[in-house]
Amino acid sequence: MDAKAKSIRTDEGAAVSQPLLTLSGIAKSFPGVRALRDVSLSLYPGQVTALIGENGAGKSTLVKILTGIYQPDAGDISVAGTSVSLPSAHAAFEHGITAIHQETVLFDELSVAENIFLGHAPRTRFGTIDWKTMRAQAREVLETLGAGHIDADARLKDLGIANKHLVAVGRAMSIDAQIVIMDEPTAALSAKEIEELFLLIEFLKNEGKAVLFISHKFDEIYRIADRYTVFRDGEMVGEGLIPGTSQGDLVKLMVGRSVDQIFPKHKAEIGPTVLEVSDLSHPTEFDGIGFELRRGEILGFYGLVGAGRSEVMQAVAGITRTSRGTIALDGNVISVRSTADAVERGIVYVPEERGKQGVVIGLPIFQNVSLPSLKRTSGSGFLRLANEFALAREYTERLDLRASSLSQDVGTLSGGNQQKVVIAKWLATAPRVIILDEPTKGIDIGSKAAVHGFMAELVAEGLSVIMVSSELPEILGMSDRVVVMREGRIAAVYDNNGLNAETLVRAAAGIAE
Amino acid sequence: MSTIQPTQARHIPDRLDRPLRSALLGWEALLVAVAVAIFIINSFASPYFLDVWSLSDLTFNFTEKALIALAMALLIIAGEIDLSVAAIIALASTLMGMAVQFGFSTPALVGIGICVGLACGVFNGLLVTRLGLPSIVVTISTMSLFRGIAFIILGDQAYKGYPASFAFFGQGYVWWVVSFELALFLAAAVVYYVLLHRTNFGRYVFAIGNNPVAAQFSGVRVDRIKLVLFCLTGLMSGIAAVLITSRLGSTRPSIAQGYELEVITMVVLGGVSILGGSGSIAGVVLAALIMGLVTFGLGLLNVPGIVMSIFVGLLLILVIALPLVWRRFMRKAA
Amino acid sequence: MNRLIRNREIWLAGAIALLIGLISTRFGAFASPGNLATIFNDTSILMILALGQMVVILTRSIDLSMASNLAFTGMVVAMLNAAFPAIPVPVLMLVAAGVGLLLGAVNGLLVWKLDIPSIVVTLGTLTIYRGATFVISGGAWVNADRMSPTFIGLQRMQFIGVPLLSWFAIVGIALFFLMLTRTALGRSFYAIGVNPTAAVYAGINVGRTKFLAFCISGLVAGICGYLWVSRYVIASVEIANGYELNIIAACVIGGISIAGGIGSVGGTVLGALFLGIISTALPVINVSPFWQMAISGSAIILAVVLNARGERRQGRIILKKAEAA
Amino acid sequence: DMKVALVVKSLGNGFFDAAHKGAEEAAKEIGGIEVIYTGPTKATAEAQIEVINSLIAQKVDAIAISANDADALVPALKKAMDRGITVISWDSGVAPEGRQMHLNPSDTNLIGETIIKLAADHLPEGGDVAILSAASTATNQNAWIDAAKKALPEKFPKINLVSVVYGDDDSAKSTDEAKGLLKSNPNLKAIIAPTTVGVVAAAQVVTDENLIGKVNVTGLALPSEFKKFIDNGASQSVALWNPIDLGYSAVYLVHDIAAKKDEVKPGAKLSIGRVGEVTLDDNNSAAMAAPFTFDKSNIEEFSKIY
């Protein structure tokens, strides 16, 4: 099914009167958490509505209600003026609602075509799946997304992360939907792909679809959205038109106070070299990586998604085995053969994939925080709960964690708060070198400032920080020096003296100046 | 280090209402209730039940399997499983029997049994951790392999002629009606309780069971701990082999057939999540006791073993299902 | 459909050919078409059972109760046949299918409605179903002389020179192939195995799909209950005791990932054949029966290790792009 | 009442059900006896031990057991004797330390010889034969096979025993093993299965493979289970003792010993009611009558009894 067919055209420029989708009085509770309270929201055809709010404000929960995955405890959903119920994901697409979810939810082992059409595959006369038509339609969908380079027969597993994301978008587009929801769609995409996505959103807008766009990035919101709705603590606290609303107003609505978005100037003394990596190589992921990190320094790593930055950092932290190269700490070559080795030496890695690699869902907060520090909190191998609580309290409170108790399962925290637990966990090991991989990915603006402030604090205390980030403002605002990686190799290293964004982007993409 | 936000940080309490504790207590309370109920029913159903010697004999029905269940609980909490435990018993017993033919003494026999168990555990553990194979698959195959080796060695023969002193382990009493097997099981239960609930090692086991990747990223030596856990199940199977061989006074390659599923049933009935990540030793001990009570109680009524297994099967599903149904009911009521 | 999966099957087929070749060097007639057809016939029941198990494993579940289900259904139809020889055999087969389906549905319901892990549910029903077999029969066996000639003879009848039992397997393989590749239900078995969360998002009812998978394995076990009883002409409480592990082993050798979502009909059939050949060939080439268990254990380890090798590291390669550029 | 437990290898086996009938008959005849018929469902020693333990707890007066393992049961049975319970074994024996006496259904050597003879009688020219046994651990089967092997060279020089395989008293395994025998020994003339499960499986295989007339199946079989194969010609003849008499005798003997009517010592003559009397040998074991042969002429009649 292509996006062009069977859509309602609205006269361009005409004032839109009727909302396509209206929610009112929506409430949803989880055991111990009231995620949404009396929420209302309207989406208009041909318009992009931005949904903003702090971590845990209930945005994704709303998305899941709209796509039939969660059932609201109360409230009404109307599509085109008629009240509907959405008992299953299937019901949602029958009412023309489709979504790109915050987590990429696809099938690694299945082909691209099937990933796009699973659940609504074209059928033959006998009711069996028509593979031929399905492949053809998949190619068509990918083509409209400008992703014609993706082979419809490839196994999804063999695709890069950005391409996977495009497949997810393709899947949403393959459903002939009137209402398209995007939950932080740009989080895993690089600048170029984000541009393509914006073109697509423009296209959907012109087709008269109603788009709900969730993001923590204000530049994107101002770029693409027509209206906004703000959630705070599960309640709708404001809505309106983007033109004429300042960023400060939105932030104020979101957090209930104003927040400085200026990157904290840190004035740490840059000392001697602490960590020196030379010629680090891996058979397939990276090659000849060499850099040094000094005391009190923030070293930024920039690159397009998939450049191999995370893999390098995981090698430094002892998770990935290398084929060649050395790592030296204070001038002494050390052997890092496991994470435990790295942690012992004071090198810690805060991973990018929070859910998979960061938090241990099922364990309470304090046990998550103490996990790498157990050797210190325990008495000769036996647990000492009091020490663990003290350690966990110290660091989680510093990061302003929002939790009802330290014995709460981390799984019940919102994404941003989980990230705080992960950072607390690593700070508690009193490291010398801390590697932060996309530390503010998916973190709301208030917490982001806290994390940045914290980094400044760390280097001031004499720690060294490596920050992997795909966000240019963050890289430019925080780093002392920037290493740019491209396709598994170091493309360039810059001192951050009047460094500009364009230089970095060119280096990352391999475009000559 | 100083605080970044001089503005007062929010205080987060350690615990609210001890939800974790009460949940665990809830499970164990349920098992205690079941055990007491079965005990009472048994004492009404058969006049022979309430007799110290009967009760002492009863413990033989579960001690060997329960010893393995202790280690298996840790393994399952860590998200792995070992189906080869019964086969390990067969192999260890066979090699002990072989040693008897060469005139080894009782301590040497015990040593051999334990070492063979340990070696089998290492073999399983290495296959799982080094080759990254799913443990259920590895141990289905080593289950045939270990018992197969026992069959190759023994064929249709039996080993007997164990030294008289060897009989103590499976038939001896430490004090009055307390058999050596029971005493060993109780001691092992305490050791495993401390290991799982009171040490760093135990915490690592829970962390691995809940999220092995994050545990590895947190500096937990995941593979090493899994290897140790396979060694522990191997070790306990070796110990069980010593006890069973001593109790039977002879070895056949078909010894302990089908024990693996009973051990796993015990662990699961004890509230250990088969998906890994949660469980307690107290639960496993209670489950062992319950299974002993059920089989012995029905045995006194001369109910065939297979009919008892219906009860055990029903108990397994009911005990797991009841809390779920109850919670769902409460939520509806609320 | 996919290069890699096809490769795996080719490897397994190669291993089987090699095995047959090796055996033929010691026992010439082994590779004769007649003998191979016999092996196929002998393995038919295992193949059908493994296909049922495969569907369950694809959904990240496991059915340990299949062998007990088989014993129960086998006993039911054998007792019916003994008591009412007038009931036509096809009706008995429908009864077997129905009873099997019912037992499978019980597993499925517990997994679906109460969300109990399948391994726990089927560990429980494994003993319950077999115990129930004892209860309905009082432990007594139903022997050859109490079964009617058609009851025993049906699967031995030939159609185009091939026994009906083999036809059951052939038709079963074809149906499973069609279901798994061409129907929405078949694809959703894969989908919920690969990524259950994504499956929910794609509008698949994960619980219901698992339920259906258990219904299928139950149905298959029921039909095999009749086939088994009429093949070995005895129905007793102990039939197929412990066979659940053979069924799973066949799947595992056939490359079905125990973690769900990966596997094919071809692989499962080959896995079952592999086991079938080993168990029929060893006595034939005079390998001591006592070696049999160790040999099949080693064969499974080997097959699994090789499978794992094939799966290893098919991930992205950043540097290759760099080199190509 | 005196409580006598008749413990069998496994429940459900037709042979033991027949023995149970005999046991009840003896109980009624003697009077004042309560027979507990029990046994595991799976024929393993461990399961039998659990049964014995529960019998000890029930304070039965006597146990008559057909053992799954001659040695493994010894400690448990010793414990029973220590607690004052009279223990004898019957059918499949326990090592002498574990029982007061053993009642053999027939003389071991005689059975060994008979099973070969059953095959040899129909092979005047001689030829290859194979044995399909029960579990490799089964005490009685192993003893008979040993005896058969001993008898072969002297008494049946023309008979060539090519292989012994084990079907574990599991019909599926027995079937596979029987098929393997036929495949690997194309010249096989007879399959001897000294077990009631194996003999049925072998006869069914011979029927299925259309080898009736070429391969003769023989061994020990219950007439009621085996009649069909005598009728269709897959087997010329099989033998067995009377399981009813066996169960009768076991209970008769154990009662008399427990009631101190009889003293158990080598050479003692013990009475077994309507069946007659037996004499204990040096191992305190006694043998009943010679096995009885069933063929076309008499199977009809006996299949109605057991």
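Brief remarks on what is shown
By letter and in written order, the chains are A, B, C and D; residue numbering begins at 1 in each of them.
Criterion: contacts are C-beta pairs under 8 Å (C-beta built on N, C-alpha and C of every residue); 3 or more make two chains touch, one makes a residue touch a chain.
Being a predicted model, the structure only gives us computed values, none of them experimental.
When chain centres are defined as mean Cα coordinates, D lies farthest from subunit A.
Separation between the centroids of subunit A and subunit D, computed from CA atoms only, is 74 Å. Centre-to-centre separation of subunit C and subunit D, using mean CA positions: 36 Å.
Our note on geometry: subunit A versus subunit B, Cα centroid distance of 42 Å, whole angstroms.
Subunit B has residues 155-156, 253, 258, 304, 306 in contact with two or more other chains.
Looking at subunit A, one finds that none of its residues touch two or more other chains.
In subunit D, the residues touching two or more other chains are 11, 41-42, 136, 166. Across the whole structure, chains are in contact as follows: A-B, A-C, B-C, B-D, C-D.
Put simply, subunit B touches subunit C in their complex at residues 83, 127, 131-134, 136-138, 140-149, 151-152, 154-156, 253, 258, 261, 264-265, 268, 273-275, 304, 306-307, 309-310, 312-314, 316-317, 320-321, 324-325.
Note for the complex: subunit B touches subunit D at residues 46, 48-49, 51, 53-54, 57-58, 60-61, 155-156, 158, 160, 167, 170-171, 244, 247-250, 252-258, 295-296, 299-300, 302, 304-306. Remark: subunit C residues 1-2, 4, 178, 181-184, 187-188, 190-191, 194-195, 197-205, 261-262, 313-322, 325 touch subunit A in the complex. Within the complex formed with subunit B, the subunit A residues making contact are 319, 338-340, 342-344, 349, 351, 356-364, 366-367, 371-372, 374-375, 378, 381-383, 389, 393, 396-398, 400-408, 425, 450, 453-454, 457, 461. Subunit D meets subunit B in the complex at residues 11, 36, 38-42, 44-47, 49-51, 53-54, 56-59, 69-76, 79, 135-137, 142, 166.
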